[in-house]
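Look at the two complexes coming up: subunit A is in both, with subunit B in one and subunit C in the other.
This part shows the complex of A and B:
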């Protein structure tokens, strides 16, 4: 309500809004969001970029300007390449499993029969558990001595007695992925379900009249029509997976050795363990650059518009 | 991920770990989870139940011990100017901290100074302290400083002995610095001739064994590395089918616990981490020998050893999975707890020794002290950047006073720092099997006086002992790299460490 309107509304003026708030200029309305973005997004980013150009002496804690020290060091750091490889494997496998399982479950639950609404609601439960708690649950369940999952696999003869899934370099990543997939598959289910529900009915009715099989309907109609939805789901989950930290930190702390070390967990170890803030920032920036480049290419190829 | 986000996540992780380790109750877990915004989703974890008893809160007895009236009277007067102040302290869940957290209310009641103790895992403590000193923020008034970090943080703390002299009006009467065990002061608290803090915790490696299992197999408690190795092999062979292994290790890759095990193995074989010329020497003959013995021990340990820190190793002992352990004495009281399945079955002795003797201190570098009993102690450091340094100083003196240290020992059964505490009548009275037992303390005192070993004092050690060394050891022990060759692993670590030492100009 403007000042004039307030005056006209009655003889008593309750309050008058400041002029800048009643103007049509977008500044007052954009300012809070812009300020938050600057403080929590842009400033830390600029600070991290600045930090990456310093070299820190671990003994004296003094930092000197050395533009290429960390960036060059990173190129020759085998652990960075190992972490990048692990990150890509982690992202790829988790995405593949979540996508396939998400689609299958969505197809199963896409029904109006009695009880399905409850099943759909139950599917969302894992999503409300914080990843760190999920990781803790799986850490206990995968314990070689008393974990329920490990003991189950041992009882079935699939693992030797006492085998430590998370303590073995060959199986640790699979253990971590198990938690990741369990928790985030329902997210894929929700997106796929929303996509399935938005598809037009006519093509499916026509296919049914033409006698198309379920496989033909899925591969010739459902999948192509869902491509945009799938692309967005892959993009959102892909970005999130590339920054994998919680499960790795809690379940294996990047180990055994570096078997589950991802870019973010390696950056964390350098930051908190060695207190080499400039080098940790450089690794974090590289992660950001990779995410931006890959996402942009993906969006271009699949014509995704956000 | 932003730092705020990181903090929130780590808070939830710590909370879940505390619950899993039985350090907090189900009720507390749900309440705190609610505060963190998890709400009912935490219920799922709560339903898992408490599966991992630990040496923490369950040890604290209900017995109320009389307070030192004179000390309290002095405290009340001295603290008048600081009434209403709040001091913060972050620490790992060491037994003294856990007990102190329970007693801190008494201090607040007397002084009006509020005390907030953040109990988080070791690596989190390091991260918080590092951030605090790098920015000279003064977020924490007191630091828990593990012995491996003392050199790193010595420049950031106030020398307590000097401060005691400089501030006579705040100097607690009868505090008695001379009462602190000399080996602890020299090996733990001192750096470059200065007290970096006051000794606060002294877990030390000892040899602990299940008397019943050894008796069953007619094995004498081992005195040497060779006897230990032979015993664990024999027991594993005989008992593996029953789920019992010869020993258990804290060999979690990338964790400081693995570094502790490894250093002891090197010292046992007559080696050291550094030589006098400041070169890494874990890859010399003695170092390789030590690591190879450790690889042998690992074969006779529960497979979960490679994913276990000291919590897991303690659990192996508590669940009856292992027969002999060369590790922290502070495991002992937990095994004697009221709800323990192994109550009274574990015995303690001085740590095993190697046949090659010890490397002389003057042949090791950076103040390293090779010996048979690795100490994993900590000091309580007073932050130079604290905004409430005097209030924190009062709390520090109270926490390290004779009275409170004895009461902490009585509450948790762990080794005290003060010579007088060992001889205290109340401590002596608990030298029996049962919760909070102190029956291991006479042996612990002997180990402190005769066998105490210390890791190098160097600013880079916190990083090496939490990253380069345990990560590469983890690669070796889990078969990720080095093809089982201890030499290759040690050579890799040597090249990484020597390069960094050189770059830092040490």
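This part shows the complex of A and C:
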């Protein structure tokens, strides 16, 4: 019998699906997610790139094709540089605090003793509070006249009476960072804890026999062996920090002035303010470009693979 | 390393203290929600427990009591307008609809993609994986601004058509959660040996039957964990909802409307805030075990 005859005998169906639509082919499995990512991800992104090549006439509200208008405008816009600086400071400081605090707290809570499991569970709670609600919490606690944190600091003599942390250009970013650090340090704690748990026991036993001090063990053994875990944590946290918006928007609305303006919040301000969509899009695109470049370099250097 | 007894006790005390420090804002928040207004705005001292608990704030935000009526009943003499503006039941419902919808969409496309990535060898597998991962790296603002225009043209703004508005918000939430869902499901599927599939297929099961009847039941826990995480991320999302919808106000956006030009309604804010936290807390305790894996997109396992 020929192959064709065999096929004919086997199939009693009226029609046969093209091969790429059968379950053996990856296409039908991958298609739904790809469609979602194309329609709601790629299409708007292409649209944004197109938008960035247009100039919006403020008076007539007409769009005129002008390839480099927004991009050159951005280069000479001091607020963009200010926002970039704020974003970098925000990301850097938050990462540093979260890493150090996260590691310390992970070491502290990583114990088999009774009750520690409960402490660890409690520690994860801040993670799942809506950031906009966290921002509100800290807005209340940092209120200059009746906020519990502000009043505590004033009572300790660290701040002058009636001092508003969020209302002062020099301290506003610190206030916003406080909320950010409080909410996301538990993220680092969790990851560090998982890292600590995955470490092999033998090197530590050997070190103990050799009489190494706790500091030596930590810096010579724990830290180097945790480098991969730390790199993953820094990468994931870093890309989230760089898009900082929620806390800034709620707590200070980028103010006072532009003291806490980040790239995302500046784009948002333009969007809601004078509705210059092309320019807001350009800034948003620059944020995306920076994230992609920096994270690719980071992944190359530290050999992180997600 | 063995620690001496006093050191152990010192560690216990420090551990409890640090945890308590992290719990304080939540405690203070919940406490504020049952404080009468006078206790919140006490400028003379920090008021911890010296007040009569009241549930007015919950009554107004969750049970639709009239703010002005309560003020009159209590003799506070501040029966001002804007009673309905604080009724948040609709917002909670909207948040639930959008979160469940988004989670359903995400999970129903993610499990298939994850299965193919985990089980099949095909050209462009790496590229596909990078595409999904790239989605996670993208700052939402980059697609948000054009998306508003696109939704306007497509009639998907909630001001034009409420149902399309829900759909629009769900789809973008689904997109944002997709990388987590796909990569997490991939990591759970990778834990199931490929021999399982092969055995089933040798026994005559098709790829589809293998997936539905054999593999999927084995990663039920993973599906649940991914879904819960997607729900939490949708529930807490703020930026997208703020930009994309006007009539649909998810809870994080609704709370912001309590910040008024005449002063912040801290009692209501705290009451709704506390309410918004509760579902997250319940869910997080359910997925404790898979939390690290979820937060690191499946690259770290506990």
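Everything below uses one rule, namely that the second predicted complex is superposed on the first by the 283 of 306 C-alpha atoms of A that agree within 3 Å, B and C clash if a C-alpha of one lies under 4 Å from a C-alpha of the other, contacts with A are read in each partner's own complex, and residues count from 1 in each chain.
To be clear about the criterion, a contact is a pair of C-beta atoms (placed from the backbone, for glycine too) under 8 Å apart; a residue touches a chain by one contact, two chains touch by 3 or more.
Being a predicted model, the structure only gives us computed values, none of them experimental.
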Partner chain(s) touched by A:292 [first = subunit B, second = subunit C, both, neither]: second
Contacts of A:169 with subunit B and subunit C, given as first, second, both or neither: first
Contacts of A:45 with subunit B and subunit C, given as first, second, both or neither: second
Partner chain(s) touched by A:245 [first = subunit B, second = subunit C, both, neither]: both
First, second, both or neither for A:108, with subunit B first and subunit C second: second
Partner chain(s) touched by A:234 [first = subunit B, second = subunit C, both, neither]: neither
Partner chain in contact with A:132 - subunit B first, subunit C second, else both or neither: both
First, second, both or neither for A:258, with subunit B first and subunit C second: first
Larger contact residue set on subunit A - subunit B or subunit C: C
Partner chain in contact with A:305 - subunit B first, subunit C second, else both or neither: second
Intersection of subunit A interface sets (partners subunit B, subunit C): 40, 44, 125, 128-133, 136-137, 140, 145-146, 243, 245-246, 249-250, 264, 268, 271, 277
Subunit B-touching residues of subunit A, taken from the complex the two chains share: 40, 44, 57-61, 125, 128-133, 135-137, 140, 143-146, 161-164, 166-170, 243, 245-246, 249-250, 252-259, 264, 268-277
Contacting residues of subunit B [partner subunit A, same complex]: 1-2, 4, 6, 9-10, 12-13, 16-17, 20, 33, 36, 38-42, 44-45, 48, 51-52, 123-124, 126-127, 130, 134, 243, 252-255, 302-308, 315-316, 319, 321, 458-460, 462-463, 466-467, 471-472, 474-481, 500, 503-506
Residues of subunit C defined as touching subunit A within the complex: 1, 8, 11-12, 14-16, 18-19, 22-23, 25-26, 28-29, 32, 40-43, 46, 105, 108-110, 112-113, 115-117, 120, 122, 125, 128, 131-150, 171-172, 174-175, 178, 182-183, 206-208, 211, 232, 235-239, 242-243, 251-253, 255-256, 264, 266, 269-270, 273, 276-277, 280-281, 283-285, 288, 291-292, 295-297, 299-302
Contacting residues of subunit A [partner subunit C, same complex]: 23-24, 26, 28-30, 32-37, 39-41, 43-45, 47-48, 51, 105, 108-109, 111, 113, 115-116, 119, 121-134, 136-141, 145-146, 148, 151-152, 182, 185-187, 190-191, 193-195, 197-198, 208, 214, 217, 229, 232-233, 236, 239, 242-243, 245-246, 249-250, 264, 267-268, 271, 277, 280-281, 284-285, 287-288, 291-292, 295, 305-306
